[in-house]
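One chain, chain A, links the two complexes that follow: it is found with chain B in the first and with chain C in the second.
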Partner chain A sequence: MSKPRIAVHKFSSCDGCQLAFLNAGEDLLTLGALVDIRHFLEAGFAEEGAEVDIAFVEGSISTPDEVERIRRVRANSRHLVTLGACATAGGLQALRNLDDSNEDWKQAIYAQPEFIHTLAHAEPVHAHVKVDFELWGCPVNGRQVLAAVRQLLFGVAPLDERDKVCMECKRQHAVCVMVTQGKPCMGPVTRTGCGALCPRFGRDCYACFGPAENANTAALARRLEGLGLPPVDIARRFLFINSQAPAFREEGLRHYPPGFADD
Partner chain B sequence: MTERTVSIHVPALTRVEGEGALRLRIEDGRIEALALDIFEPPRYFEKFLEGRQHAEVLDIVARVCGICPVAYQMSAAQALEDAFRLDPGPWVRDMRRVFYCGEWLQSHALHIHLLALPDFLGFDSVVAMAAEHPEAVRRGLRLQGLGNDLIRLFGGRSVHPVGACVGGFHDAPTLDEVRTMLARLRAEWPESEALIGWVASLPMPDDEQVFTSVALRHPADYPLAEGRIVSDAGLDIEIADYERHFAEEHRPQSTALFALLDGQPYLTGPLARLNLNLDRLPEATRALLEATGIRFPSRNMFHSLLARAVEIHVALVEAIRLLEAYVRPASPHVAVRPCAGIGFGATEAPRGILWHRYAVDGHGIIRAARLVPPTSQNQARIEADLHRSLLAFGLDQPDEALRLRAETVIRNYDPCISCATHFLDLTVQRQ
Partner chain C sequence: MKHAAFLPRHALQILLDALSGEGYRVVGPRVRDGAILYEELRDVADLPAGWRDEQQPGQYRLERTDTQRSFAWAHGPQGIKPLVFRPRESLWRVHRSADGRMAFSASIPQDPPLAVIGARACDLAALELQDRHFLESIRDPSYAAHRAGLFIVAVHCTHPASTCFCVSTGDGPRAGKGFDLALSELDEGYLIEVGSERGAHIARMLPLQLSSDEQREQAEAEIAHAAALQTRQLPGTNLRDSLFANLDHPRWREVAERCLSCGNCTSVCPTCFCHAEQDLPSLDGQSAEHVRQWDSCFSEGHSTIHGIVIRAETGQRYRQWLTHKLGSWHDQYGRSGCVGCGRCITWCPVGIDLTEEARAICGPNGEGAT
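Showing the complex of A and B:
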């Protein structure tokens, strides 16, 4: 039997999620023996149009060319898995979607904005093509990525870890930074996966893994208000790395006007 | 009269972080057009920083680059502390240096083994190379892993770490954690010595060229998280004066901006740092470099690979020295009192100088930001190098050999076109 074929594609992103593979050390060599890597530019594999069993996609869709390219990736892939916050929910750069700022920002940064071809919005992959499985996180957790690869190679659907950072904190015996220090922690509404890193460092979670299942964002917003946060600061907590995830976007926009730049 | 037009479409420039294309047109045995096009989709970091709180900045700028997030955090912390006129003190200074050593180790080991070495040993990827050079590859992966773990010690994770803040760190490692890390760092010391000798023994093209090196320089230490900006052409300025000497221009084929020093290309990165800071190397590292028989300062751009191996050793030596004196402080950070002002930060990212400027209001809200990454500084130099290197290599070489040489020259700069990738399409047109 021939080995399963995989590809890693990059769109608008920081390259940080594909490091889940490049930082895997010995596991990278093991993976190279288990599968046939057809496309993964940073690792030296260049066959963009290859048909594969699993395509991992990093980055959001933010240019007209990327719209065309993600459609080709979909057509060539049996399973399409998004790798991280940008591909899954648009990422930090989707902050430009809030005020339709694309044109203004382009004019401000580039002397010759007519050479820059971008879409008005930075969008998640699922806005354009069907996604089979989503891996959240900014960045993704390498353990979750390799576990998903293993599960897909065994022919089963990857386990979707959707419970809250709060649960992970309890498992880690981390002291609650909201209860003990009054910090505006996003743990109660954020998906686990990081290992409750921020609370373990004594700081408040900033929601880089996106919304957990059944996230009660309204209750958390009231709690943040109770801690003394003005509306614009509540908006900042929800409208950050996963500002386009529906649960965060809706709650954030309730507190957002008149925007960040003019408060 | 016969006229031959050759057009080659190579699917991708692999083993770089980013998206670009190289266009090369050769006519009558001369280079008529040569341009490195960068198509990195812009993400407008400088604009969405506006209106955010100072405490959010380190988490935002880390996301510019997954390979060097520590560099972005350290330049930003320095700039915001400059704006707030805040001195976080010697413990924070030393531990930031250790944190940064982790990133140099990780990034340089990744570049040497996963991105660059396949060129010099004749493979397409590290996976293929591992079959024939298992020990060398495993040594590289161990050093890379050690760097990642050193970042984790202070940051929790190696990509977009969460431990650093304006004023210092959110938390400090325990003595036990530091002792365990010290033992691992000491164990890799001989490995990093062997790496220098091995990289120095690789066959390198002998191709000297003229360029200006620009790097940070510190009164006592090999430059990492602080220093003045100096060049081998006599420049010696405060980082706040950067904009008076360096200007960025926008060219049609690129979404990166080209930075020039007094209108001319220049080099930043490991080779420039080493060329300008030989007298700041730790004693043990200097002895190893001298034993290679390769003379520095060097004008051979391919010695960048050796410079990275040397800096891996510097990172190990420095991390060990600073962690041997480790004490757990009462507080790992000093309190921040925002005030209105403008602040500057410049540190040596693995790929070169990373310069930041922020304007902040009295509430600590960012009003303006400017980030100048190393790759936009090197872009003009890469083009000049390509032009020169391909002429020296011989334009009558087969297209495939020309392409490989061009890619090797580009990879040599470890360009972090970061923040986008699809292809480097090389189109050669011959007439």
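Showing the complex of A and C:
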């Protein structure tokens, strides 16, 4: 029986999520024995048009070329799995969607902006094609990605980890940074999967895994206000990395003051 | 406390050493990351001497005081629960051999027995409830393995937090039973009571002295003072009928607007026992580990039966928690599932107060006014 074929495609992104594969160590060798990697530029496999069983897509869709390319990837893939915050919820670059500042930034940043062909908005993959499973995180991690691969190879839907970060904090005996230090932690509305990485090192969660299920963003926003955060900072907490996720987008925009982008 | 002996302060190390010498891994309170946690304890110098915890709904702060006492605080986020009902634990493994056969093996914990120093009355009451759940109807092998070796040195509580209400649940501040040794901390040392044969065995290794009447009276007075300090209370010891008569109370919806449904309350609750089980297959697909981890009635998974989410809304999840904890526990275990430690109040990021919610729903006397 031939091995399942996989591809890893990159769109507008920093390449960091692909490292979940490349940093997997021995597991990468195991994976190589289980699947046929057809396309994964960062690992040296180049066959962009290959038909595959699973396509992992990193990055948001932010240029006209990418709009076309993601359709081809979809057409060539049995399962399409987004890899990380950019592909799943726009990522940092989707901050430009908030105030239609793409053109201004292009002019300000690039020496010859006429060569830059970008869309006004950077969008998650699901805004363009059907997505079968989304892996959240900025970046995703090896445990999370390989667990999804394993489940797909078994022919089952990957387990969607949607609980709040808080539950993992408590399992790991990470002391709550909000309750003990008044830090504006996003853990109570953020989905788990990171292993409570930041709170375990005394840092408040900044919501890089996106909204958890049943996230009470309004209640957390009120708490952040009680901790002394001005509206602009509350907006930033919600809109930072996953601004295109509806739960964060709506709450963030409620606190997003006029003229915010001019700061 | 009539038979309590006196252990001078400097001799507490001998207790730790005696327990280590008997093969126990000793855990006790230590300051870490702004809280008091039970961690490995070899040296009494690592005890939280001079620390005091200031607790409010949604807030926990450690403060320095000038006392040399090591147990002049209420508690940290976790009691004994994580030592016996582990947050994440392998239950069994399965391996597929070359011919396709599956071999299953139980993961029975092989850790050395634990001795815990500084257990509070609330935590002992909670442990008794967890014992009922994990040992009585169907004996849980993992819990049983951790529990069997557990040696408990209780310390009577003299410094309750503002969030504590163990007097109203009848579980503290005095540790009445369930310990091997119980200490009362005085400025000059400790009064020791023996609660078991194992406790007596360890006590014989200690340089104990006769305690004085004054010392015993002082210890009693401090426990009584700790009880008098508590201001919070539940509106009754059995709120079962009252809660179930109020399943449509508007307060459930109101609390849902504040509740983050984050599971902090159930995670710090020393009696909550709900868990989820999951298979973690190896990447090559040839073996898997069946793991149990803490879950919560505030999670989606715990609200799901056969693929249907039966409690999608926060109000339903909060109601599930309260009606079980303070209601149907009476049917299951003969008492309420709340031991009055107040951790759910302190460690709730938005400071929701269980006693206040119970009063709003059940009325000031728990009579169930609707």
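Note that the second predicted complex is superposed on the first by the 258 of 263 C-alpha atoms of A that agree within 3 Å, B and C clash if a C-alpha of one lies under 4 Å from a C-alpha of the other, contacts with A are read in each partner's own complex, and residues count from 1 in each chain.
To be clear about the criterion, contacts are C-beta pairs under 8 Å (C-beta built on N, C-alpha and C of every residue); 3 or more make two chains touch, one makes a residue touch a chain.
Just so it is clear, the structure is predicted and the values come from calculations on it, not from any experiment.
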Touched chain A residues, chain B compared with chain C: B
Partner chain in contact with A:Thr30 - chain B first, chain C second, else both or neither: second
Contacts of A:Cys194 with chain B and chain C, given as first, second, both or neither: first
Contacts of A:Ala108 with chain B and chain C, given as first, second, both or neither: first
Contacts of A:Thr180 with chain B and chain C, given as first, second, both or neither: second
Touched partner set for A:Cys17, first chain B, second chain C, both or neither: first
Touching partner for A:Asn214 - first (chain B), second (chain C), both, neither: second
Residues of chain A that lie at the interface with chain B and also at the interface with chain C: 202
Contact set on chain B toward chain A in their complex: 11-19, 39, 41-48, 50-53, 56, 59-60, 63-67, 69, 106, 110, 114-115, 118, 123-128, 130, 137-138, 141-142, 144-145, 148, 156-160, 162-163, 165, 170-171, 249-250, 252-253, 255, 365, 416, 418-423
Partner chain B, residues of chain A touching it in the complex: 10-19, 22-23, 25-26, 28-29, 32, 37, 41-48, 59, 62-63, 65-66, 69, 91-93, 95-96, 101-102, 104-106, 108-112, 115-116, 118, 122, 138-139, 194, 197-198, 200-203, 206, 208, 233, 236, 240-241, 259-263
Residue numbers on chain A that touch chain C, as the complex places them: 27, 30-31, 33-34, 146-147, 149-151, 153-154, 159, 162-164, 166-167, 170-176, 178-182, 185, 187-189, 202, 213-214, 216, 218-220, 222-223
Contacting residues of chain C [partner chain A, same complex]: 32-35, 37, 58-62, 77-78, 82, 87-88, 256-264, 267-268, 278, 280-285, 293-296, 299-301, 312-314, 346-347, 349-350
